[in-house]
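I have placed the structure first, in the form of structure tokens, so that the comments after it can refer back to it.
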Amino acid sequence: MGQIITFGEVLMRISPRGNKKFVQSNIVEFYFGGTELNVGISISNFGIKVKHISAVSDDFIGDTAMTYIRKFGVDTSCIVKSKRPLGVYFLEVGAVIRPSMISYNRSHSAFSEIEPTKVNWENALEDGEWMHWTGITPALSQGAFNVLKDGLKLARQKGMAVSADPTYRSGLWKYGQNPKEALVELLHYSTIFIGGVNEINEVLGTEFGYSNDDFIAASKQLIEEFPTIEKVFDKIRTSVNSSWHKIRARMWNSIEFRETEDIDITHVVDRIGTGDAFAAGLIYGLQKYDDYKAMEFASAACALKHTYEGDVNFATVDEVNNIIAGNITGRLMR
Amino acid sequence: MGQIITFGEVLMRISPRGNKKFVQSNIVEFYFGGTELNVGISISNFGIKVKHISAVSDDFIGDTAMTYIRKFGVDTSCIVKSKRPLGVYFLEVGAVIRPSMISYNRSHSAFSEIEPTKVNWENALEDGEWMHWTGITPALSQGAFNVLKDGLKLARQKGMAVSADPTYRSGLWKYGQNPKEALVELLHYSTIFIGGVNEINEVLGTEFGYSNDDFIAASKQLIEEFPTIEKVFDKIRTSVNSSWHKIRARMWNSIEFRETEDIDITHVVDRIGTGDAFAAGLIYGLQKYDDYKAMEFASAACALKHTYEGDVNFATVDEVNNIIAGNITGRLMR
Amino acid sequence: MGQIITFGEVLMRISPRGNKKFVQSNIVEFYFGGTELNVGISISNFGIKVKHISAVSDDFIGDTAMTYIRKFGVDTSCIVKSKRPLGVYFLEVGAVIRPSMISYNRSHSAFSEIEPTKVNWENALEDGEWMHWTGITPALSQGAFNVLKDGLKLARQKGMAVSADPTYRSGLWKYGQNPKEALVELLHYSTIFIGGVNEINEVLGTEFGYSNDDFIAASKQLIEEFPTIEKVFDKIRTSVNSSWHKIRARMWNSIEFRETEDIDITHVVDRIGTGDAFAAGLIYGLQKYDDYKAMEFASAACALKHTYEGDVNFATVDEVNNIIAGNITGRLMR
Amino acid sequence: MGQIITFGEVLMRISPRGNKKFVQSNIVEFYFGGTELNVGISISNFGIKVKHISAVSDDFIGDTAMTYIRKFGVDTSCIVKSKRPLGVYFLEVGAVIRPSMISYNRSHSAFSEIEPTKVNWENALEDGEWMHWTGITPALSQGAFNVLKDGLKLARQKGMAVSADPTYRSGLWKYGQNPKEALVELLHYSTIFIGGVNEINEVLGTEFGYSNDDFIAASKQLIEEFPTIEKVFDKIRTSVNSSWHKIRARMWNSIEFRETEDIDITHVVDRIGTGDAFAAGLIYGLQKYDDYKAMEFASAACALKHTYEGDVNFATVDEVNNIIAGNITGRLMR
Amino acid sequence: MGQIITFGEVLMRISPRGNKKFVQSNIVEFYFGGTELNVGISISNFGIKVKHISAVSDDFIGDTAMTYIRKFGVDTSCIVKSKRPLGVYFLEVGAVIRPSMISYNRSHSAFSEIEPTKVNWENALEDGEWMHWTGITPALSQGAFNVLKDGLKLARQKGMAVSADPTYRSGLWKYGQNPKEALVELLHYSTIFIGGVNEINEVLGTEFGYSNDDFIAASKQLIEEFPTIEKVFDKIRTSVNSSWHKIRARMWNSIEFRETEDIDITHVVDRIGTGDAFAAGLIYGLQKYDDYKAMEFASAACALKHTYEGDVNFATVDEVNNIIAGNITGRLMR
Amino acid sequence: MGQIITFGEVLMRISPRGNKKFVQSNIVEFYFGGTELNVGISISNFGIKVKHISAVSDDFIGDTAMTYIRKFGVDTSCIVKSKRPLGVYFLEVGAVIRPSMISYNRSHSAFSEIEPTKVNWENALEDGEWMHWTGITPALSQGAFNVLKDGLKLARQKGMAVSADPTYRSGLWKYGQNPKEALVELLHYSTIFIGGVNEINEVLGTEFGYSNDDFIAASKQLIEEFPTIEKVFDKIRTSVNSSWHKIRARMWNSIEFRETEDIDITHVVDRIGTGDAFAAGLIYGLQKYDDYKAMEFASAACALKHTYEGDVNFATVDEVNNIIAGNITGRLMR
């Protein structure tokens, strides 16, 4: 089987331990993340070859990011070095009724200043079988949008599957591009849609509600307007509070509607990257299982991610399938 | 607007990380606290000027305490230096059915040996608009009691509001003063009573129960005997166990009885200082809002404090009002 | 009162902090543990004299283990030094639906290579009143099995009580001995059986179910086949998930069946050693209280252990009895 | 006495513990620094009023920076908030023959985008007696250069002393301004020159050597070309390696040449900010002592800074004078 | 061989890591110490039975101190519990030219309030062979002085050796007793004097200098005035700075004068407790070796202590003798 | 250029922070190491392709080791998984006159039980250009010896260079093989000898001294008896104490004798793996430079390694050459 290709910014994530604020302790921990990289690492942890394409700073921070990606077995050969610093995000992890807060330092980062001349897509996609993109990348800069578009175009020419997670984040999109137009253009290169009614409403300009019926109607209209898209998968999070979530999923695959049961996450360890874990689970599952099982796998992967600190989902295929098999009482494994 | 004045002991708080006991790890963390200081810092975090009056040791520990108070923007210009060491408290944080435990080393501390000659109240209250005191201070030493009484007397002469949190802690009061008599004397200088039927019974010698009717009756009798007091606010904690609490509040403001809904704190991070956060919220709220909104604000501030480690409530006014507005699902803020 | 004697392997336990995996952080914490040592330390924390018998490595790791045992007041005078390294276990603590995982490095450890000539049981049992063993020890090596058998034989000759926790762990038993035969032989030296229907089925070759009726029937048959055994105590764990357990217990003491109420542990800190805390509570309780109170004590001790990190139960007798008295709301103790 | 005014960027400094590299540990520590802020904090630690003027990010990182500055008693009332992130620098601390390495992320920071309209210098310099600037600020951006020039102009109009540390760092100056011209322009507003022959050669375009004679000749020529400058102070570092330095100083005050003895720093803890400690010592000393004693004070302050981790010099006036008095054997103080 | 008896205060030592100040980090480490306890633990690490007599707080801090002492195998059976808190000392570790600083919180500690009725000396000295005291204990309180005097009296009656380290610390002695008189009285119960000309001058009221001749003359006069004293041992520290010391020793044993070579400690890890390590080495050495070898052993033990963090000397007899044998190049031991 | 092949055990290294002993802190750090792996990682850090061949445990510890090796870009595709645990070594880092101590737990490790059937050398050496071995591997087990011999045989058949570091460690060699015979056999497959007179004497049975003349004579005799060997490189360490070393090197390359100057390492951070850094520097240097420059490069690489914590040399080619160019004053690099 070929490689999964992910393209997106690598960010350094810095946060105090536990639920502390920066003002409380000058000892902090860092990981690396970024929504597309998170997807890539999670898929690599499932045992599949992944190549991540990005730009990092040409200093010891960029070098450290490279070692981080490499340790998960992800191919870093197409990551370029830049004179600009690596993007950073600072995180304060909330608890119960207190929300987690993130502050970004990414707007002139190594990745934001990427340009089409920096990425040789022919080379990068050589063994590619599937490419994944999200709505974060085109929101960062004209260069990032252009590079992504070039990559998707070639991926479709090569007949690769393309999964889209067109999350719209209003705090980005500062460089002048119209978000809806950009996402619409990129969705025309996509075959799998990962998102719910919010994302569909965003790109269609519709106002569907959250019911299953609305989800089905929205999905149908989406598929009608974007004929390359065949399937829509929606992860649904129910939050008691910052520390207690439930996760389920639903799908419309042009044939049938299905949904999974809630998985109850009574003590959330870290919710960052859980959506990425869902996408990774789906990309893996759709290559190994039928659509419903793929969604179950994605849903369980997403739930498991809530138990790991950091952006990365460490779960293996066996560990995810163990959850699907109902082994959720956390019995000690010796 | 004028300054809020708080007067009380500054303690160094030392505790192992997480739920560890001292016997388990020789690495510990310290903060500074003390019930009245906690109130002062929390109000300063709400953006209002606060001056804290106290005595600290004249060594690098006292200096560190000063920098700690200063970093929250609290005025330290009236804190005096003493040859005695700073008081310390050691804390082991419990979990679930295991209670947290505190051991104090404060009985001959810098603050306990304070004397009326050390504090220039005229100077200290120059810009004062509100003074807050608790039942801890008069319980520590004759000197602390005397200094507090002097301050309250002048505060009332200047027409300042005075809030009282007359918590009775039986482990203190070692220096000979009769607790009830002392609290009664000090309450005659107070205008807001922060406490429930336990505290009212203590000062009135009554035996009211915990029902709302009893609370109203108790409040009325309190106000009758202490005519300067206009309003009574009571925070009610329901504990599932050490790790799971619920907070609500009720009030009698001489006009009407009101109570708030429980806020469910399913994963308590740190309960120390939550009562102080309630008092701080009330002092802020009563200056900005009507009585009921003030109580709601206090209740939400108290609930939020359970999510911060240490004695200090870091919540801002916006964050507290966000809880009142019902945003309690802890959605990530970017 | 005489000493309680425990015999078994001392393991170094190494784990990352919180819910991290080894791949996430190169900073880890260690404790020492081992099922029989855990029982011994817990009983010592109850204020009763305990001697632990074992073999540790003759290096700074073995020395550190010795200081660890000694700090809890357990007599280490019969622990022998060996040229082999101390056994180690690595632990990754799970959360919610993710199970904790353990990896052992013990198969050629100092303890596994123990031989009857190394332990002078006459000397070791001189002041012994009660001896405790578990199914782990005979599973480790022929030497360990032989030494244990020698000890039990002498203990019974001296009229000591013998409690057995014949846990069967299939991952061990690599040296050729038939598990069932070994456990049966050792049970013939025992007077108290700590275990449930699984353990009874294992040694009797029966297939009893989990109902109370089945438990009573199983216990009766066990006592019939092992006439030295008088009482059977069974701890029952109900797991919502890795982070949320409930603990209760039931017993058949040849006279009556009794069971306790569930104690709800909504936020598990560490479940390792909770079974050992139950056994320790029982051994203490059976010497101080009637059978039912002993079981209540064991059950509360077990529940409390879930709130301490590491293998050791730090609870004192007062703290355990406080739980039995219903003080489970974790009120702060000053 | 009036305030000392410092103006410059506040940077977050992030570094692994000890001599580790980022690739070795994901646990790091942060402080805040920046050359002019370091000077300001050090002077505040000498007990003199200081106001720092800067721009920080309007998020929890900027808030944390504010609390950090405030805890040292430095006036933060003229620090403005910006939509841009705070500048960051990453540091790997070398040892022996391995140099320390710094990587900056500051080029589009809150401070770099400062504009003259943001700083009300009339207000900021109200109580100002002395203003300090360095060659870093004009190197950052046109805005920073302009704001600094406005401030210096007004400072001189008000008759304030102005100390200049015109360090030339070639890695900066990216925005188009000619470094020499900019420094020359700013030096015309300065009265004290802190720097050696390198800095003098840079602004004069000369090629003086390092001998004392050359230093004197260079100083004389500098003073001739910049008539507002009266005195030149030069700190001289002799490095055995990264971990072993010696510090001395020399001066030309238009009247005489003097130099101090080397202070031997056999075990460097942290050399960042030691030049700033020299400047701070000088600014303090020149107000309290004669020129030679001021240089001795600066030199001892600089030497002491090598023993503190972070950018900040914690030494008090007594501690610095203790060094000058020859108490350098580090005898324990109880 | 009998027990070595030590009597003195147990203090909790709290310090930031490395060379940090308390103002720099809220993460600190604690150990337990106290000059006489340090001596006791060091001797126990040499494999000799030691009993320490003291008073500790009756709370979880006192309990933790007990476990700390017990882990080194020191007999704690005569340590009494007190309602007063345990004494604490805060330490900031200096470097190079910066001195370490200590701040004490001990003046109303558990030990300071000890009384003769609390210690049963008959019982405590039952197996005693040697008792050690220092000038700290009589300086703390009348009670401590009295209890010590009782103990020494009985020790001499039983014919035990008594070593005295009559350090005079002027910051103590607050309770009214005349230091010289007290030390003189206690020295009359002593047989070994550990101290130099400073200590001798203090008790004799003389003014001897530091030369060897003066040391010999001072020792002779001391022995003349205190006929029970037979030998005087003096440890000499030469400090390059806080981080670089040299240690040697000299003695007058009524027969001959001897001195050792300097041991060069180029990178001091922790100098606290190094004098105690010398005393412990001497007490051990005088029982095992001739006087000169004993002094060599003490000197090497003292030097080794500089390489361990905390108050405790962890060196074994073999490790100390290894230094004496000249193996000081620190070759890796596998 | 082809791959460098290293073959040897991967060990988990566990040590307390700084100079602490295990008995002082239960917080420890781990890295992975092993002499041949250290060589491989260092060469990979020089930018050359490396493949390491080994056996690790089939559990989360083995997985973590794999990620550790992978993050340095070393090819792990020929590392096999084993049912046995990974070897562990515990390290206490000494200081000054206190030696560091190591305790191993490796005798039944995953690597020790390797067998010739587990390693497909044809596959492993496919792109191999150079193979490196040390005297540790044949000392571990018959299997390890056999696998190594197979590999060396094939390497020579393929015309690869083979460097030998035939360190003889007497604590190993427990499985029956005669060390000298084994080393002699393996040396017959080697082309570069890394070692001094000790190692030469060991394999020749000679008694050469340490002078340069003896070194030359020994090298000549070695080359005579092992005609495949062309060059001998000897690293010379001079230790002031544990914390202060000097490093130089000498060589006999069958043509000339050369030696380098001492590099003074006044503050050793970590000496583990410094010999491996020398070997790695040599292997790199001999491919890029002439023999003398290669030795200089090796010597400087070795010296730099003393400044990094852990087993790994992080130095890049530029950093090593910077040392050779005389830039050893550790000037800050921005």
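Letters are used for the chains, namely A, B, C, D, E and F, taken in the order the chains are written, and counting of residues starts over at 1 for each.
Heads up, the rule we're going with is that contacts are C-beta pairs under 8 Å (C-beta built on N, C-alpha and C of every residue); 3 or more make two chains touch, one makes a residue touch a chain.
Quantities reported herein were computed from a predicted structural model and do not represent experimental measurements.
The chains in contact with chain B and with chain C alike are A, D, E, F. Here C-D and D-F are compared, and the pair linked by more C-beta contacts is D-F. Two copies of one chain, chain D and chain E, touch each other, and the residues they use overlap weakly: the shared fraction of interface numbers falls below half. Between chain A and chain C the centroid-to-centroid distance comes to 45 Å (mean Cα coordinates, whole Å). Centre-to-centre separation between chain B and chain D, using Cα means, comes to 42 Å.
Chain A and chain E have Cα centroids lying 62 Å from one another.
Within chain C, the positions touching two or more other chains are listed as 18, 21, 23-27, 29, 31, 67, 71, 101, 104, 267.
In terms of inter-chain touching, the protein chains here all touch one another pairwise. For chain C in complex with chain B, the residues that touch the partner chain are 18, 29, 31, 71, 263-269, 303-304, 306-310, 314-315, 319, 323, 327-334.
Residues of chain D that touch chain A in their complex: 14, 21-23, 26-31, 57, 59-61, 63-64, 67, 85-86, 88, 90, 92, 101, 103-105, 107-108.
Per the touch definition, chain C reaches chain A in the complex via residues 18-21, 23-25, 94-102, 104, 169, 171, 239-244, 267, 271-272.
Considering their complex, residues 67-68, 70-73 of chain F touch chain A.
The part of chain F that touches chain B in the complex is made up of residues 24-27.
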